[in-house]
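These are the structures in question, set out in turn.
Two complexes follow with subunit A in common, the first pairing it with subunit B and the second with subunit C.
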Partner chain A sequence: MKTAFVLGALAILAGCTSLEPRGTHDLATVIARASGEVGIIDTSNREMIAVIPGLGDLSHASIVYSRDGRYAFVFGRDGGLTKVDILTHRIAGRILQAGNSIGGAINQDGSLIAVANYEPGGVRVFDSQTLKMVADLPALIGHGPDRSKVVGLVDAPGNRFVYSLWDSGEIRIADFSRSRTDPDITVFENIGIQPYDALISPDGRYYIAGLFGEDGMALLDLWHPERGVTRILPDYGKGEERLPVYKMPHLEGWAMAGDRAFVPAVGRHEVLVIDTHNWAEIGRIPVHGQPVFVMAHPDQRTIWVNFAVPDYDTIQVIDSETMTIIHEIKPGKGVLHMEFSPRGDQIWMSVRDDNQVLAFDPYTLAPIASLPLNSPSGIFMSARAGQTGL
Partner chain B sequence: MIMPMPTPHDIPIAAILAGGLFALFLMGTRPAGAADAIDPRQLENFVLQDCGSCHGMTLKGGLGSPLTPENLTLFSHDDLVSVILDGRPGTAMPPWRGIVSNAEADWIANFLKTEGPRP
Partner chain C sequence: MQQTGHVYLVGAGPGDPELLTIKAARLLDRADAVVFDRLVSDEILDLINPAARRIFVGKETGCHSLRQEDINALLVATARQHQHIVRLKGGDPYIFGRGGEEALFLAQNGIPFEVVPGITAAAGCMAQLNLPLTHRGLATSVRFITGHMQSDAEPAHDWRSLADPDTTLAIYMGVRTMPVIAARLMENGLSGATPAIIIENGSTPEQRHHRTTLSRICADLDRLNFDPPCMIVIGRVVGLIDHLPVPVIQAPNSAFKRAPQNDYAHAHTA
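For the complex of A and B:
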């Protein structure tokens, strides 16, 4: 009887662990935006090892990773928050936490997941183990009842989250270091018109929000929040006619090379180069279209740029030293996102209308993989688990 | 992007005024490959994917307003055509003239008012 029980338990265990033990550091997840699926890619063998369905509306979805790199938290457009086990390829938890969402972040110690919501406007924070809500932070405009849409939510050192309010032009810090359920909120008003997205430097010190409603960007030094938010690049584009913006640029990550930061210009066919010592503009690089993602190769030698519709069949590569374009490739129609492998031996990109996830050798530009997936968009290497702000 | 941009005189004024029905008529009668011919499948993909980057792929809204038929009752067909082509100043809605032709805007307005994305 006892032996039978043990054997049965072993059989069940064997069923659960049919996958060989392996690390997660070479795994990536990819959003299939039209079908509500997430693909899991083994970047060492360059193959799609699983496609997980049932994740809802994944237009503009994004992913962060648990501290151990095993779980992918998928933020859907429809307010869905899904915890996917990328080792067993199972959904470990799923909630619908709001009506309309734009992304999220995981805090420094990995215990909290925060989601930026458009509807109802605000941030909701969840226990990363159970997905139970621990804090609800409505983005009230003034004393309410109107709320702002929240954008540019990132994690910052000290178990803080930082985010921006599109409608009311604010940056807020929610500091969870004192309490897990009742964070201290710091509000910075009048930071600029319509912040559309934000990024944080890899060391977690600088939070920069891009502004859609006016030129320039808003900078917050998280070492010195008492100094308030300052405007950088205030003179950029003064008196120039902006082009229609067909897609909002993204400020994910930090395209930095040496002491230069590269950011997409809004409504212009330019990448801006900023001196990170004094935040002054030191160059504008004319590019093929309106940049969406501007991303530095991990070795910082090259900067890779993709573009808004109708120029989204093209990728340009900028030499970070000379600030000139050295390569241009046309991977296919609808190149929505790019992601480097952690040490930069591969670059992966999603080509939406070709239903392909492609990989290239970033040094030779030789294609090294082509994996079918329905309308792929964001690609997220699990190595993000160890990086602030991603 | 979708089609070569037709010159303004390629679009009969009546097409703009008569709205959706005339657009359907155009779709049925114009030979494929004409400068302002409409490819409904490609246009629907454009609406869901590219309009969807702000309005959501189900068109239930995002940074941009929801575009489901019930949310558009206050807009006439011609209002929508004009918003698509000329944008809404002061908001993030850009003018799509130059990317979307008049006939395509007409088709999109009709699609949004009557059909919307399939569930």
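For the complex of A and C:
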């Protein structure tokens, strides 16, 4: 009680210090996993301007932004959904909406927040202003009563959410364009065994789910849902089984540069190169370890890769034209995530074991900022507010 | 000559109060002091004599409440103040429970003691899923191994002997070190396709399990957010889960009444 009062007082003080009007487009939020906090970074002045406590269990947490870029919606592992005002540094709302969750999304018009849940399974949808629940989509396995764990929840054009059902191997589209409380649900069955994560292409056309229980991936063309789900990359995930898979690569990190996609291989020290016209593999780039995130620079000239344990002290940079590694940096132990500034003049990365958020000039590789934060993980630029699927 | 009490080093089993021995339940009911760990479930703590002094010395990886030396000293000090002391430990006190160290220290200090075994996590968790630890044609032996390691050092195991397809590996405290364990086992020839299972909060209503393979277990621990305490079992016996019914875990037996709230007196050693 006393702590809550003190924190409240601090939040009010913090609010008082930021009376000067300003935009949010150069702000970023960073998850501080161990302490249940979110740091707010001013990337122009390269400083940590606030640390917001009290957000619960933030392992595997992620963040989406309101349409105006002012509010960060933080999805915690413990089912917590917290709305953080990144201008006044206050918690504007917080609910515990399930027991165990894995990410969420905001719809195209910004009015709805959807959360993918493990326990109980399904998707819950909330009003982004009030955080009141407007729809509960149970994702029943068959006719129920059991609910499937939901993964790979993304927003798609047309006020739709697309998500995958781990337990029953389905992709579903929930279309909220007709009703805010009673969406039209389209179900695609038998898409593959145990989808574990998914991505949507930056234009919102292709939804691609990774499969844990078998090799290959499931592709849904949202321009043509009537064509159903097709399978691509039949060898994706097929390993020689010499090494354990330390971490399933994050699919959100698929880098699309020109007509190529750069994809982290599962359990192997390779980045796969895919032709996005026919989704066929056209090359493999040997890299330092098992890749986790493969991110394209906004100018698409370079591709940045980080790695799973035990190689998570390293970042490699690939030239997207020649498909060769041109740089390697060792920012510190436990590089968990990286994010470019919207126009690519900075790259920010979390170095968990050093308790630092670092920034580099991606052209010169010169370090430009080093900000302390307790066990930092995901970094989320507020510019995501304007991007489909992020 | 100061009169000392009698210390019972008691195994609380894997969590389900019905898996406690009758002797353990009787000793808890008669205890006038109980020294217990983090890994003892609330349902079992409810069986402690309400008049007994309770001393929590819980341990969690990375944040030890009390060092083992302090626990040893505390047991001796408690034995000098009380008659009937139960040192209650999760699982079995003599399997990765450091019960042997406490017994040695008690013996050196002339404190009479007795050991009451408990069901170790490997047996309790696997039985909960109807899975055997050995099985004709699948596993001729079972190895209980610890995944715990000192700071950055590797667990000192004979990996070649552990990478045996005819052996069931029951790994305690292995969540954090699984990347090293899985890599060493595969380097030494154990197939990445070997069945494996993660069991979190074994034999309690919060139990959850996930069946996987050796090559995918690290990714699953990460992706599915498993936290200690977890039992990890690797071996062909795990594949029997496809042929055996998986029982639904029942809430604890209502015959066990809930005692007044624990006071969780934190221990101070002189």
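Everything that follows uses one rule, which is that the second predicted complex is superposed on the first by the 361 of 390 C-alpha atoms of A that agree within 3 Å, B and C clash if a C-alpha of one lies under 4 Å from a C-alpha of the other, contacts with A are read in each partner's own complex, and residues count from 1 in each chain.
The rule we apply is simple: contacts are C-beta pairs under 8 Å (C-beta built on N, C-alpha and C of every residue); 3 or more make two chains touch, one makes a residue touch a chain.
Keep in mind it's a predicted model, so treat the numbers as computed, not measured.
J.: Comparing subunit C with subunit B, which touches more residues belonging to subunit A?
T.: B
J.: Give one of first, second, both or neither to describe whether A:P310 is in contact with subunit B, with subunit C, with both, or with none.
T.: Both partners.
J.: Once chain A of both complexes is superposed, is A:Y246 in touch with subunit B (first), subunit C (second), both, or neither?
T.: The answer is both, since A:Y246 touches subunit B and subunit C.
J.: Is A:Q194 contacted by the first partner subunit B, the second partner subunit C, both or neither?
T.: After superposing on A, A:Q194 lies in contact with subunit B but is clear of subunit C.
J.: Could you look at A:R90 and tell me whether it touches subunit B, subunit C, both or neither (first, second, both, neither)?
T.: Neither partner.
J.: Per the contact definition in the header, classify A:R33: touching subunit B only (first), subunit C only (second), both, or neither.
T.: Only subunit B is touched by A:R33; subunit C is not.
J.: Taking the superposition as given, does A:K330 touch the first partner, subunit B, the second, subunit C, both, or neither?
T.: In the superposition, A:K330 contacts neither subunit B nor subunit C.
J.: Touching A:R22, do we find subunit B (first), subunit C (second), both, or neither?
T.: It touches nothing on subunit B or subunit C.
J.: Quick check on the output: what are the common subunit A residues between the subunit B footprint and the subunit C footprint?
T.: Residues 59-60, 77, 100, 118, 196, 212, 244-248, 309-310, which sit in both footprints.
J.: Report the residues of subunit C in contact with subunit A in the complex, numbered from low to high.
T.: Touching subunit A from subunit C are residues 179, 182-183, 186-187, 191-193, 214-219, 222-225.
J.: Report the residues of subunit B in contact with subunit A in the complex, numbered from low to high.
T.: Subunit B residues touching subunit A: 1, 45, 48-50, 52-54, 56-58, 60-63, 87, 92, 94-96, 99.
J.: Can you list the subunit A residues touching subunit B in their complex?
T.: Subunit A residues touching subunit B: 33-34, 57-60, 77-78, 100, 102, 118-119, 149, 151, 166, 194, 196, 212, 244-248, 309-310, 334, 352-353, 375.
J.: Note which residues of subunit A are touching subunit C in the complex, please.
T.: Of all residues in subunit A, those touching subunit C are 59-60, 77, 100, 118, 196, 212, 239, 241-248, 267, 309-310.
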